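Accompanying notes for the structure given below.
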Amino acid sequence: MTKILIVNPNRDTDMEAVILANARKCAPRDTEVDAKSVPSAPLFIENYVDEIVAGTGMLELIEKEEANYDAFIIACHSDVNMDALREKTSKPVIGIGQASLHVASMLGHSFSVIQTTRHSVPMKEDMIRKYGLWERCASVRSVPGDDPTVENMIKAAGEAVEEDGAEVIVLGCAGLAGQEGVIQDALGVPVVDGVACAVFLAAGLVRCGLTVSKRRKYNPQ
Amino acid sequence: MTKILIVNPNRDTDMEAVILANARKCAPRDTEVDAKSVPSAPLFIENYVDEIVAGTGMLELIEKEEANYDAFIIACHSDVNMDALREKTSKPVIGIGQASLHVASMLGHSFSVIQTTRHSVPMKEDMIRKYGLWERCASVRSVPGDDPTVENMIKAAGEAVEEDGAEVIVLGCAGLAGQEGVIQDALGVPVVDGVACAVFLAAGLVRCGLTVSKRRKYNPQ
Amino acid sequence: MTKILIVNPNRDTDMEAVILANARKCAPRDTEVDAKSVPSAPLFIENYVDEIVAGTGMLELIEKEEANYDAFIIACHSDVNMDALREKTSKPVIGIGQASLHVASMLGHSFSVIQTTRHSVPMKEDMIRKYGLWERCASVRSVPGDDPTVENMIKAAGEAVEEDGAEVIVLGCAGLAGQEGVIQDALGVPVVDGVACAVFLAAGLVRCGLTVSKRRKYNPQ
Amino acid sequence: MTKILIVNPNRDTDMEAVILANARKCAPRDTEVDAKSVPSAPLFIENYVDEIVAGTGMLELIEKEEANYDAFIIACHSDVNMDALREKTSKPVIGIGQASLHVASMLGHSFSVIQTTRHSVPMKEDMIRKYGLWERCASVRSVPGDDPTVENMIKAAGEAVEEDGAEVIVLGCAGLAGQEGVIQDALGVPVVDGVACAVFLAAGLVRCGLTVSKRRKYNPQ
Amino acid sequence: MTKILIVNPNRDTDMEAVILANARKCAPRDTEVDAKSVPSAPLFIENYVDEIVAGTGMLELIEKEEANYDAFIIACHSDVNMDALREKTSKPVIGIGQASLHVASMLGHSFSVIQTTRHSVPMKEDMIRKYGLWERCASVRSVPGDDPTVENMIKAAGEAVEEDGAEVIVLGCAGLAGQEGVIQDALGVPVVDGVACAVFLAAGLVRCGLTVSKRRKYNPQ
Amino acid sequence: MTKILIVNPNRDTDMEAVILANARKCAPRDTEVDAKSVPSAPLFIENYVDEIVAGTGMLELIEKEEANYDAFIIACHSDVNMDALREKTSKPVIGIGQASLHVASMLGHSFSVIQTTRHSVPMKEDMIRKYGLWERCASVRSVPGDDPTVENMIKAAGEAVEEDGAEVIVLGCAGLAGQEGVIQDALGVPVVDGVACAVFLAAGLVRCGLTVSKRRKYNPQ
């Protein structure tokens, strides 16, 4: 039995429940998935300062739980503090941003990411470039009025498909998990939720005996 | 139960057996994996002409088996005729080249691919660029004397790690499936076999209700 | 006398006649140009499956005619099966897509390609990236309603010039050969037909003793 | 009088003294430069975990000193937590990594960065890509044995010049400040220290009434 | 006292006065700034032919004044003949285009350049690519009717911010020096004038003992 | 009869004769090729200053001869002053650098350029980037000792093929015209001389009614 822990880098337990439900729905049968929030974290991660505030608690959580799980998932689409967690443990750590962007790249000519806030668009563009996936990115858009209702998600995603040529849509926030079905039905293109992707990727890595390289980048010794 | 068919685009049944064994070892418990060769294909796919020769049989195979499986895998690291198969069916088609390159990108700063022949290096470079993953590619190397023994694989992969800064190694041919463990032990970096990755990716996509976008690229109507 | 064969990768003889007429109009006086269709090919090449269907016949044609010509041109703007034909013969093989894109790059700051169908835009974008010419590409557009009348071609090309900053237009299909003059007159920018360009390029290569490199990529031995 | 505070993101006071001395040597006459360490930070910043550990103290320092200075400099060549500090204050925040890489880009065809440790090379490569300066980067190298003596710095920098074609050298660590003169004399190419560059850039920005844009990226409201 | 000469590559003395006034306003107190026009140059530099016409006089001016100044600035946003001047002298030569683009890159996620004429947009795009800063460029726009009034500048810059996502604006012509304040006030984003930036950069380089590399590119011996 | 003038941007008449002989050998039968040197130019173009010195004479030559020729070729592999000449005339102007790099890109997976001097390598790298062909460039190398004997050319080109993976070689100087055959025989890869390529390209453009776009970049009105 593969055991995966979802690290929720904020302390909103409603969001934790949404994420966990979606994760379990998509997990292989031989995989057990738990989720834990970080008590000292901000209620929601919304900016660069929040990332620092959440950091210490995330490190403590992974230290405490390292022996109890086979792999870890960071349930924030900005993959906050992923490099530090990968440094801390030698078990696989997968960010849901990374997972969703790579899966989306495999499903069509180009993808667009839909963010819940306008100010987070540049940060997400940086992240896509960091992962080397810029060429397959059609656009990063945010929802009207920074209000991620299903209607607004469909509106922004629809514009990405019609105007930017996106063939795949990526949900830009962990809290949107579960919306993928209705948007997919409305637009007729694949809609990718990172939590689901991270779960089957992490489980697959464990099954194949793969983990993150400790050669140089994540090995400070 | 998710059912996956591995399309072996050549007619070498020994290779088919090696591939299938590795695929089953890494498949989630709720997934059934079969493999079928293409009788009219070349014994081995080795170049661009072989890709055409294998094409018609691959299309026939997928047409015949479309109703019997939930997803298809192309078991050649060049992802031969993947675009055409994606056009033919609306079920997920994953190439083992694509699968391994995206998984490798998630496991470290940069990856190198080890090819079994010197002449196939430019083709693989084209493929990495096509998938938009060039920035994370440290190098594409081939084994000494075009002879992919385990020793030669370790030699070429070791040079990729030491000289090119690769933090992850990708096996550049389906027929190398099963060698990943011994190379990984020898070099201390993750070694990625595309067959294994394609299996857990395809199974994950099916479980999440995701498939390849039919918006424009794979929809000629 | 340099002898060039235009390989028409479909079996539409009207299209063959249009292509040949344009080719001869632009050929140097010391060059003889013929065109041959592929009887087993689709009526028109429209997608990835068609490319496979046309492949075997194209290989047979080039094998049969290799001794009779000094150079070969593939008369489909997607350069279908060009890699395989270059592998098959050591004489120059030029695709009209490749020829038109490189000539367009030399004639101005940036070019746009006008496709006859909306679904073929992603494929053409892939091709431009494959040739390493993405930086000079202003856009790939398709004609309104997938209906390539002269009026629609002028409309789409005009938008490329006005909105995307294109300074040169490339015709995205062999069957458009002959339209370049009227579009050029309407818009006041160079309009490039790949058939014409491929003819003078192929003739020039032969005259200079140049051919495609058989070093690695096209030399599977 | 322009007042600049150098934020030393570790708590090594010897290093603080070296940095401050070099900063003052290069400051314009109408500029006053101070330096403050972060008491809760690691002794040296060496990896991604250290970056989180230093974060809270850096935020506190900038909050406390915001009214007392016109601009802030982060004295770690990885520009640790620069995004968060830019979010926190509307006064200019310049990282010495950023400053040195841009100045180096203006001084020659290409630059190489010399790191003090082998494991930090991938992180620095990520940073150069993040700033969009990859095209002008000849290489990122580390010193032999992770031992940044002057001799080893000259050896690594010399190889960058001879083998990688670097025309400018960038010191990859704040603690190397002051070594630039001797390496420059030894190799005959400009050697750039980020502390010095950040000082004259920050002073210049203040004098011109320029600061970091708060349009979207650094404005979470 | 650092002495800087602004080379005005045209012979419009009104423009020279505007440039010099802005330069002195932003110069550090220990820096003396002069400006000299090129008598044999065109009245305004407007195209590639003008660049050649101005060239000889620029070379003569720098030869004559080399001993009298510590650094030189080219006061045309196209950095006309900068490579030749850098070859001619071993003292620092900074173009205002280069200076403004690098400073803008440090001040936000992406920048847009506003040109005074529509035909100069492609040339400026080439320049941004030459400096390796394309990734951080949101757009190059020109003012309505090629008429650079303050109103038109604000209109074009405002569209760059709203439609292209620019977080920083760069003035695309030396003659616009002095407009930065009013545009900045109108739009709420930093507006960068190259003359001011080049002055504090050149002064900083001299103070730090840095100059342009004479290793290969600017050393024809 | 198509009439082409080769503009030799220096005043070495021996070099002019070599260039003209090679050009005529490769010209189509219906094309007449002349060559004219620029009396006021440097003996050889060797650096950025020389480019300015040659400029005025080149502009005068093209003005004087515009009515007498159908197309113009710049016989310096740096394409000196090509933008200005394209601005001056509406007839096609082709640089031999541009011509050779595009033809080489069509003949194989990647090309290397062999320069006659070490200091000119960065300039040629800039040029390849300017034309947007960087992705297909394996390397730019210079000959040992800056001495372009046939032996040294074969040595540098051979290293490009063996070590950098070049499949095509480009001669980096007009004065090397005529060496292509012997290097090609020695190495077994295509060797491209820009003079020959520019002749058949220019003749082809004239025959097809194509010229350089005067839309924006080369149209200062």
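In order of appearance the chains are A, B, C, D, E and F, and numbering begins at 1 in each one.
Keep this in mind: contacts are C-beta pairs under 8 Å (C-beta built on N, C-alpha and C of every residue); 3 or more make two chains touch, one makes a residue touch a chain.
None of these values were measured; they are calculated from a predicted model.
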Intersection of contact partners for subunit B and subunit C: A, F
Intersection of the contact lists for subunit B and subunit E: A, C, D, F
Whole-Å gap separating subunit A and subunit C, where each centre is the average of the chain's CA atoms: 43
Cα-centroid distance, subunit D relative to subunit E, in whole angstrom: 25
Intercentroid distance (Cα basis), subunit D paired with subunit C, Å: 51
Subunit E: positions in contact with at least two other chains: 109, 121-122, 126, 129, 135, 165, 167, 216-218
Contact pairs between chains, per stated definition: A-B, A-C, A-D, A-E, B-C, B-D, B-F, C-E, C-F, D-E, D-F, E-F
Partner subunit B, residues of subunit D touching it in the complex: 121-122, 125-126, 129
Contact footprint of subunit A on subunit B as seen in their complex: 26-31, 94, 98-99, 102-103, 105-109, 131-136, 161, 165, 167-168, 181, 184, 188-190, 192-193, 196-197, 199-201, 203-205, 207-218
Subunit E partner contacts - residues on subunit F that touch it in the complex: 46-49, 51-53, 55-56, 59, 81, 83-84, 86-88, 117-119, 121-123, 126, 129-130, 216-221
Residue ranges of subunit C in contact with subunit E within the complex: 109-110, 135, 165, 167
